[in-house]
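Report on the structure given below.
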Amino acid sequence: MRQRAAVAVGGAFVLVSALSACSANTGGEPQVDTGRQATGVIATDPRDSAGPAPEVAGARRGGTFTILRETPISHLDPQRTYSFAGLMTVPLIARTLTTWKDDGEGNLRLVGDLAETPGRDVDDDCKVWEFRVRDGVRFEDGRPVTAREIGYGIARSFDPDLAGGPTYLQEWLVDTPQYDTAWDFQANRTSLPPGLTTPDDRTLRFEFARPRCDLPFAVSLPTTAPLPSDRDTGVDLGNAPFSSGPYKVTRYRAGVEIVMERNEHWDATTDPVRHQYPDRFVWSFGPTPDAAANRVIADNGADQSALSWDYVPASLIARVAGDAGLRARTILSPTPSANHLVINNARVTDLRVRQALNHAIDREGLVKVLGGRHVAVPMTTLMPPATIGHRTYDAYPAGPDGDPDKARELLGGQRPELVLGAADSSLEQQVATQLKGNLERAGFTITIRNIPDDAKLDEIKKSGNPWDLYLGSWAADWPSGASILPVLYDGRTIRAQGNSNHAYFNDPAINAEFDRILTLPPTEQSRQWAELDERIMEEHAPVVPLYVDVAYLVHGAKAGGIFVSSVFGSPALVDAHVKP
Amino acid sequence: MLRFLVKRTLSAVLTLFAVSVLTFLMFFALPRDPVSGMCPRNCNPERLERVRQELGLSDPLVVQYGGYMRGVVAGRELGAAQGGHCDAPCLGWSYVNNEAVTDTLVRVLPVTLSIVVPAAVLWLLLGMGLGLVSALRRGTWVDRVAIGFSLTGASLQLYFVGAVLLLIFVYTLGWLPVPGYTSLLDDPVRWAGGLVLAWLSLALLCSANYARLFRAQLLETLGEDFVRTARAKGLPRSAVYGRHALRAAISPVITVAGLDVGAALGGTVITETTFGIHGLGRTAVDAVRAGDLPTIMATVLAAAVFVVLANMLVDLLYAAVDPRVRLG
Amino acid sequence: MTDGPADEAGPLLRVRGLTKHFPVRGGPVRAVDGLDFEVRAGETLGLVGESGCGKSTTGRLLVRLLEPTGGSIEFAGHDLTHAGRRHLRPLRGQLQIIFQDPYASLNPRHPVGRIIAMPLRVNRIDPPGGTRARVRELMERVGLNPEHHNRYPHEFSGGQRQRVGIARALATEPRLVVADEPVSALDVSIQAQVVNLLRRLHRDLGLALVLISHDLAVVRHLCQRVAVMYLGRIVEIGDRDDIYHRPQHPYTRALLAAVPHVGQFGPAGRLRLTGEAPTPLDPPSGCRFRTRCPRARERCAVEEPALVRRDGGGQATACHFPGPDPLPAEPVRAMA
Amino acid sequence: MSLSPAAGPVPAAIGSGGTAGPPRDRRGAGHSPGRLAWLRLRADRTALASGAALVLFLLVALAAPLIELTYGIGPRDQFQDRLDGFGLPLGRAGGVSGEHFFGLEPRLGRDIFIRLVYGLRTSLFVALAAAVLTSVIGVVLGTLAGYLGGWLDAVVTWITDLTLALPFLVVALVLPPMLTLRFYGQRDTVPAAFGVGVLIVIFAVFGWTGTARLIRGQVIALREREFVAAARASGAGPWHMLFRELLPNLRAPILVSFSLTVPQFVTGEAALSFIGVGLTEETPSFGRMIYQSLEYLQTDPAFVLFPGVVIFALVLAVNLFGDALRDALDPKSAG
């Protein structure tokens, strides 16, 4: 009758032949910078905190810098922001008590931002801290920033309606996790929370019940962004923030676009880290990481001065890394984001089983599942290499692809049946499949149980959750062991839900160590954290360290000054500029 | 006619009511705490409880549903964390998007309309054109190619075609701008440029059904007596096809088109995902993932309104085109 | 009212005041509006009239495909008027119908053998000698090759299909068959064959037949008695010869006049029907024919004529001014 | 195009069969209309070719375990040692070799050929089962609504409208986790069959409207036909009416709507995977494979090509065969 089939099939081949350019892959190993550690220190010399920031070589003023990202930034309200995108963006529109001087190579220095220095430990017991506010910092309407506006910013972070941001300061000031009931912001709008005082316009004083030696780090978070109380628009502030930084929001279309233009009241001489190179920053939301990367690679029109915010998708890495012409437009850098196979210690109580798990894991294969060394670098420690004072060790040396025989030997003939709870996202399913494969090779019986992606974190944060294993990751809010080990492994913090101690690990001796180290001055802590890291792994093996995330970014030919923040592993915008 | 309209409207309202109730129930049947989607990242049990109180989640479902519906009709007062007073039609406050859901809808509806309406025009033109050509040249190679083309189109997947087209025309050749949405009012050229790939892929895939349907209808009507009579009377070919056959063959096409467009307006998730354009469909999916009940309700209801309206419109058009149909 | 000579067992079919209104918007359509007639066993009654006059509705009412709005139908002493399926069941076999469209009336998916056997099957009748034999016999009787029982309707011509329809109607040995325009869809050459078949069956099997047709020639050929319908009512009923030779109602006369070969029997060539019949949705007051009647008087608009027997014969007419003679006075057009 | 299978076309072009009056065949025994359609189908080369392809697909799907046995590689076996540092397969054209006919998947290094074989099995099973369920629901509701009419018709029509207006995606997103939790403990293995079953149910619940509409229209048309009146006049009961008189005449539209829904469900499964719902990683399926492969359009085109071509060929074969079937059943629309 008809030859429809022939016509149709013909059409199909035209289509597919366009795709099938093939040449043999002989597998050249990609060259990746392995983990390096942050040399972070708190700048004691006030000159480190002085502005202006050194000029970026080759940078010029002008142009529009575009940032492509799939999902919108959840909050631009400094007191509410906590996402990486928010933490990296807010510095453009808000200043904080302290901030990080970062070269993107791991050379970190905590300097004063609104404060002249990164704080003063008044009694050398970490309980009373004073910050002297810098002179000459102004809001976008020209009025000066004083201790009062900084205090108000911290106070409004207690407002339960404005939840979402970090909670360190709040919890430390009132010494309880239930800070919003301990001090009611809405009933005390004109006062400051207990423990926080402004002896004068240029002094901010914190008094804590317990030693809080990490305070200089904690006040680098945007909780300390200043706000005049008459400019507080509540939940709407996120759509129209009131700027104290080099840029101010001039256009906000929720979920679609944010445009920031220069704030003429920002004074470069007061700022140790920020610049004001581009005329404007434009955040454009919507394109998938795939689309964004492809756009930036194509390098057409406005995309020439654009950055694809999300990392290059694993599937495109071979293409990007294999293109010598793109090398100048990519940034490859390890991040402080650490990933573990978390063992539920409340369920898997046999140390030898946990050790066997550590021996069995094939990290090399895992990295392949993730997309190679441009995505992940294997790790054998609890803390990521980017942590201050980090020391590399391998408590259970099993080679790059695991040692199933050693694991079998530790198991001594038993065949533990373990349930691996995994989010139902495509990637985590594949990771779980790979883990299941190499654990079963070592004599485990693994059941993968899917958990809805968006519910997984809530579920594993519940103590008494029913799974034996799950994937967990932790990105610290500052690169100190204090914001990693006690947070993740202090068994006394375990509650019914909302736990960060996903491993439900609890050991009195280790807990005592936490208390001891936490009272030491930050500079002395780092070495001790590294030692404790190794001790925990050797004595208890509460998790299987897997890998740290690697940031792999691509940007347009005219986008300059982008580096990966050594603190958060995301692109930093303070040096961003548009090349001519 | 009036009676028909009243009856049809009543049934439509009943449908929308049922959809809203089912969505509401479905959401609460989810095996997860609805609050966790609305509460920000670092929530402790006490704060969860507060959010629950604020959202009235401990009230009986009927009360919650009533409150929601009252808000839609008359507006209502929400807590300070939800932006305070909310004018009618109040669709609630989205914690996830940090905005009133009405604003979300106002933002995404033009996007979906911009994708679907021109695409529908294209796919109808293409489909009916192909159908007409193959019916007129029935049995010839033209017919074979047209039908082969449309069957191939129907067998392709949008995400597949979209990905290939993107790679070729946008990333490699750079002939087309990157897909995206610009308001038609702001810049018509950019509007069209950003959506043209979506239109083309939709048209390519959807026209197949119309080509086949229209061809079959034409062949059927061309075989009918009145067309033969008209030709015997010596009316020119074009007049016969134009005046008689086309009109008779068009009503089933209208039916299918109406239903398709109605459904597509409810969200073209695949298209939106493929081309990275955030319209109603993507918003709905994101809302379900985030457990954002107010946004789920709004997107589902908006989609249902489109489907129901399209259904009604089809019935009316059908009666207009085909006088044999009585509205009863 | 109408009768033939009384039968001691009473008539096979007795219809009284039969009414069928179809509800539509704008009021009921009075498709059939008070029919009275009887059919005796073995008798053939023709039901004639223009299309739309309610003949077919009457046929469907008789076999209870439709439920009457009013009146009564009595068949072989049983009241069928509102009988449910269960009550009808034992009577179904005795009361069958032949349809007009030989294409639509046969299930295209069944071989004709099964179609013919269908009434036996649904009534669970096991004829002597078995169903197969019965089907062969029926096919032979209606003039079909019994070897073709495995063939499908689309493999037969229109006339043959109508024979299948007739065979189906005969399967249960009915006492009364309603034939609804049985030949009007057929070619003229085939029509005669089928008419003759019906005539032969009537004679051989002693069937009572209600023949519904607009074709006066067919009716004259087959029927002993004839009823003329206009707008849902019987306007004249009587023996064939009376109706054809001595029509009393102006409508009957006009009908006859319209048919050349039949018209020659009628005396009045000058009566012509003009215009369309009024809609049964809103029939004219009084005599329904008055709007087209050349004899209409004022009285016709006011008073509805009853069907009355003339001169004690079998012929009854519903007309205020019946008869072939010219009217005494000038016709006055009633209001339209 | 919308994802909802309910939004499929209403095949208005289908005659109820039989009335078309094909050339009368006077020779030999009777040819039923079905047999005539079969003869026409056999004379149609497109139908033969696509039909043969479909049979082949079905055989492959049925024989999957046998193929695995001969091939020596299972759908879950990982060959990560044959991937390069980026997780991409070594060798030519995505690792095609005598051992791995279609090469390897990136990341996990599973064999594409055997996963396609099992994926075919899953997809065909889902599509066929859902299409059967859809047809049953559609035919039952459509017939009841069309034949009995009245309030039942009104109710069925309203439910049809409601189903069209219901959010397919939201249900597809919400239902699987809900049902999983309902039937399985949090540590229980959820068998792959459960996910497949849920998917089938979702498709059936949303897919029946087209069939029901079509059947309802056909039944209403048939109800007025005189052979139905003849059966009624003979005292036929509802059982006889439905199964002896109506259903045999509905075979053609049922077959056609079946042939239209099958490809919808094959692609529906893929589309659901594309937005991140659907089957789990452990169940090999076309949808997941294609969804995962699309990203590799630039870096491993072979990975996109093999599943893409197979699903395209499958859907095209079903479409071609369905089209030919329609022509065979309703010769009026034939060229």
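Chains: A, B, C and D, in written order; residue numbering restarts at 1 for each.
Note that in this section a contact is a pair of C-beta atoms (placed from the backbone, for glycine too) under 8 Å apart; a residue touches a chain by one contact, two chains touch by 3 or more.
Worth saying up front: this structure is predicted, and the values here are computed from it rather than measured.
A.B. asks: Can you tell me the least number of steps between chain B and chain C, where a step is a move to a chain it touches?
C.D. replies: 2
A.B. asks: Could you name all chains that are in contact with chain B and with chain D at the same time?
C.D. replies: Shared contacts of chain B and chain D: A.
A.B. asks: Could you grab the centroid distance between chain A and chain B? Build each centroid from C-alpha atoms only and quote it in angstrom.
C.D. replies: Roughly 39 Å, centre to centre.
A.B. asks: As a quick test, compute the distance in whole Å between the mean CA positions of chain A and chain C.
C.D. replies: A distance of 92 Å separates the two centres.
A.B. asks: Would you kindly tell me how far, in whole Å, the mean C-alpha position of chain D lies from that of chain A?
C.D. replies: Taking the average C-alpha coordinate of chain A and of chain D, the gap between them is 45 Å.
A.B. asks: CA centre of chain C versus CA centre of chain D: separation in Å?
C.D. replies: Between these chains, centre-to-centre, one finds 52 Å.
A.B. asks: Find every residue in chain B that makes contact with two or more other chains and list them.
C.D. replies: Residues 31-32, 143, 147, 151-152, 155, 164, 167, 273, 289 of chain B touch two or more partner chains.
A.B. asks: Could you list the positions in chain C whose residues touch two or more of the other chains?
C.D. replies: none
A.B. asks: Please set out, as single numbers or ranges, the residues of chain A touching at least two other chains.
C.D. replies: 2-5, 8, 12, 19, 452-453
A.B. asks: Between which chains does touch occur?
C.D. replies: A-B, A-D, B-D, C-D
A.B. asks: For the complex, which residues does chain D have touching chain A?
C.D. replies: Within the complex, chain D contacts chain A at residues 43-47, 49-50, 76, 78, 80, 83-95, 106-109, 177, 180, 185-190, 276, 280-282, 288, 291-292, 295-302, 304-305, 308-309, 312-313, 316, 320, 323-324, 327, 334-335.
A.B. asks: Which chain D residues qualify as touching chain C in the complex?
C.D. replies: Those residues of chain D that touch chain C are 17-19, 21-22, 24-26, 29-34, 225-227, 229-237, 240, 244-245, 248-249, 251.
A.B. asks: Report the residues of chain A in contact with chain D in the complex, numbered from low to high.
C.D. replies: Contacts found on chain A: 1-5, 8-9, 12, 16, 19-30, 290, 313-319, 321, 362, 364-365, 367-374, 419, 421, 424-426, 429-430, 432-434, 437, 447-450, 452-453, 465-467.
A.B. asks: Show which residues of chain C lie in contact with chain D when the two form their complex.
C.D. replies: Chain C residues touching chain D: 60, 63-65, 85, 88-89, 92-93, 95-97, 99-101, 103-111, 115, 118-119, 121-123, 148, 150-157, 165, 168, 172.
A.B. asks: How about chain B: which of its residues touch chain A in the complex?
C.D. replies: Answer in residue numbers: 31-33, 36-37, 39-47, 50, 79-83, 96-99, 103-104, 107, 143-145, 147-149, 151-152, 155, 164, 166-168, 170-172, 174, 177-181, 273, 275-278, 289-291.
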